[in-house]
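Here chain A shows up in two complexes: once beside chain B, once beside chain C.
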Partner chain A sequence: MTNTIQEQQGRKGRTITDRDAHEITRVEELAYDLKISDVMNSNIKSLAPDQIMQDVFDLLRQNRISGAPVIENGQLAGIISQEDLMRALAESDLASPIRKYMTTQVKTIKTFEPVVKAIEVFTRTNLGRLPVLDENDKLAGMITKGDVTRGVLVAIRKDYQEEEIRRYRASHLFEDITSDRTSLILRYKIKPGDYVNGGQASSHIKRALVRLGATPQLARQCGIAVYEAEINLVIHSTNGGILRVQIEPHRILMQTTDDGPGIADIPQALQPGWSTASPLARSMGFGAGMGLVNIQRCVDKMELVSSAGKGTKLFMEIHLRPEEKFKAASDSNEAPGI
Partner chain B sequence: MNLNEIIEHARGKVLNPTVSTDHEILGACGADLMSDVLAVVKPEAVLLTGLCNPQVIRTAHMADVRAIIFLRGKQPTPDMIEMATQENIPLISCEKGMFDLCGKLYRAGLRSFESNMNGSHD
Partner chain C sequence: MNLKEIIANLNLTVLTTPRDFSAITPQGGYASDLLSCVMTGAQPDDIWITLQAHMNVVAVASLREVSAVILTENAQPEADVIAKANEQGVVLLATPAASYQVIGKLWSMGIH
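Up next is the complex of A and B:
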């Protein structure tokens, strides 16, 4: 209980507006994720009921704490607080045993309960601290509002650092690995006719590119290209297909492959506004005949290989501009023929 | 124009209030076909659409759309709302139609964030 913040009691929480809600969402989540044992103070100073009130005075003052649990025969017998001490002081009764002033009807909480439980108790009652019992009902620690705040802040900082580290690691991927030609390949199976999950692979690809340190412009170009290609598989392919993205320090290769039904007239398929999409696809907002046109606009090179009755392959390539290049270990990243 | 002002003009309802709506929006795009959106929309636009399915959210994510307004009282499903919340995209439901809201916002000073199909800008 060292360094415990002294609590002002009886303060009610103010109303939370939607705007606040945005900030506190993660805090709320944490209140459910974190266990009491994660944030409680287990380094506690306890007293025995037969010690005198002078001992309470000394303990609270020396440790700058506002209360302490009272233990008898290894069990929690009560709690003694500043307020109890003040009553004894008012009567000049510091020689009396703690038993006379301690609170015995003590609200407790368990180590394995979520932190939100403690928050509920603190909000509902005027209590500023709760003894924490383990599964055998033995005293394991104490928890105050200050402990909750501190525990949540530490967890948020950890969250934040983890995302930073993830980003940092990903963005250094190409720098950390030395080879004559390093590439990262992402592969996704796309199901035909799945308009609910269709596009999910593209979401993952865009997120991966951002983590790897792609500029927003590059992530957007790739995102739009792979999304249109993915949706084409959803709309047109008989058995679905594969979406493959190969990320290299200086370029990004994207490719879809399917096994049918194939495209009879490729120049026609490339005409803006031309579409053979089904009424269902159209009802989902597709079939504007702009998919391949959009892809062409976003990539440096596009090649469509197909014939009726056979599968379709769509190749797309983006060359990264100097400022967009992923940092690589060696600069000779255009080793031909490897 | 702040997104909150746009919501007021639309008399719209924010469907995922945990996402902040305090953004400066410079332009808008109105379309029901998602490939049209991908073809013309500039980044950071607010999207006005009569279409209401998961692909609207995916399109918005891919094209860096800042917020989506569903017209004519269309209600996205809880899954769509969750998806948009994950990508930090505010979803707004509004009773007005496309022509009506486009006109209102244009008159209030919001610009078009659609490029012409030949790539030119007015």
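Up next is the complex of A and C:
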């Protein structure tokens, strides 16, 4: 979805960058993705200019609508609304032709335009409905504010269903693929000093685990461990590093690797409250000296391998309890020697 | 006590997109400006009180699944932080009051 947005030329005449894309909510995205034809009402009641205002009265009342397009020779000739009808009623003039009261300067919109175009018109003007024309300028439907709201809500619901389907598919991954030992490996490049995006890889990992069918508790536990490991790379590594997560039906292995600066005194680094974080990192609430301690609390096994001047490797492992195990095709947890 | 009542009683500003706050019922709270402490100490559905307002607050709040974050002493997050919070379903609330005042009021309202 982000890609589509990036490819579009910006609505304010500029290209939307990756950074802007972060600020765009799903509803805004949908306003660009959905076309008028996706949300418009194409089952419309129209009138002819030579019909009389009494016909307008009957049509609006019977169909509980607030306005209708007027068609002449297959072309949109105008629009007639409740307000026009009220003017005719005030004059007791229901026998006059529609032509006398209809609005001919009609603002229209095209089927292939994005929904955001209609939102713009509705907010800029006090119009409540717009006739929709197709590429040959023939009337294809009508769109109201209500149609826009309904269209967006339906699309959001579809999003939700798609997420359910994705979750369903992913949760059967280990069952659907038969091998003596299946693992799923996720890798993330973590940039040094990137406090803004730090934590994103962990969010992705947590979501992946939930989709795979992990219990909420397991997903949280892994989320904490990889978050702390990820933030350590952001705060401390010289050139960033790699966060790697290996998911197997019976265990989760997590690992970070960087190429410096290394840890001089590992027992000291493991002390609660010990931190070498920069004043900048500390001012943002990092560097409590609790990262490795937190990880130890969340995993079954943790190993820190490092020396000053060289890189650091952090290994973490969680063994899944019987009820946490991902359903696998083969029951054997681990084939020896594979 | 639901989040709607908490927002009204503490006169909090809602920074993220409003939703049905009466459906959110925080069970407890946690206060710290140190993110690692929050990762350990906060429980899912807690209210988190902090004066940090940068992007990583959203990551921690979402990973820890807190019910809302109260940013104290007028800590003002950037627009991209609010956008990210909306995307991740994190509720951000703001107040000029200090953390101590906010915690005291929450405690007296029965959020223990």
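The definition used in the following text is that the second predicted complex is superposed on the first by the 190 of 338 C-alpha atoms of A that agree within 3 Å, B and C clash if a C-alpha of one lies under 4 Å from a C-alpha of the other, contacts with A are read in each partner's own complex, and residues count from 1 in each chain.
Definition applied: a contact is a pair of C-beta atoms (placed from the backbone, for glycine too) under 8 Å apart; a residue touches a chain by one contact, two chains touch by 3 or more.
Values in this document were obtained by computation on a predicted structure and should not be read as measured data.
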*Mind checking chain B and chain C on superposed chain A, clash or fit?*
clash
*Using the touch definition from the top, say if A:310 reaches chain B (first), chain C (second), both or neither.*
neither
*First (chain B), second (chain C), both or neither touched by A:196*: both
_With both complexes superposed on chain A, which partner does A:204 reach: first (chain B), second (chain C), both or neither?_
neither
*asked:* I'd like to know which partner A:181 touches here: chain B for first, chain C for second, both or neither.
replied: neither
*chain A positions touched by chain B in one structure and by chain C in the second*: 19, 22, 25, 195-196, 198-200, 202-203, 206, 216, 220, 223-224, 227-228, 231, 284-286, 288-291, 293-294, 297
*Would you mind writing out the residues of chain A in touch with chain B in their complex?*
18-19, 21-22, 25, 195-196, 198-200, 202-203, 206, 216, 220, 223-224, 227-228, 231, 272, 284-291, 293-294, 297
*asked:* Which stretch or stretches of chain C touch chain A in the complex?
replied: 17, 33-37, 39-40, 44, 50, 52, 54-57, 59-60, 62-65, 79-80, 83-84, 86-88
*Touch list for chain B against partner chain A, complex*: 14, 17-20, 22, 32-36, 38-39, 43, 51, 53-56, 58-59, 61-64, 79, 87, 117
*asked:* For a test of understanding, state which residues of chain A touch chain C in their complex under the given definition.
replied: 19, 22-26, 195-200, 202-203, 206, 216, 220, 223-224, 227-228, 231, 284-286, 288-291, 293-294, 297
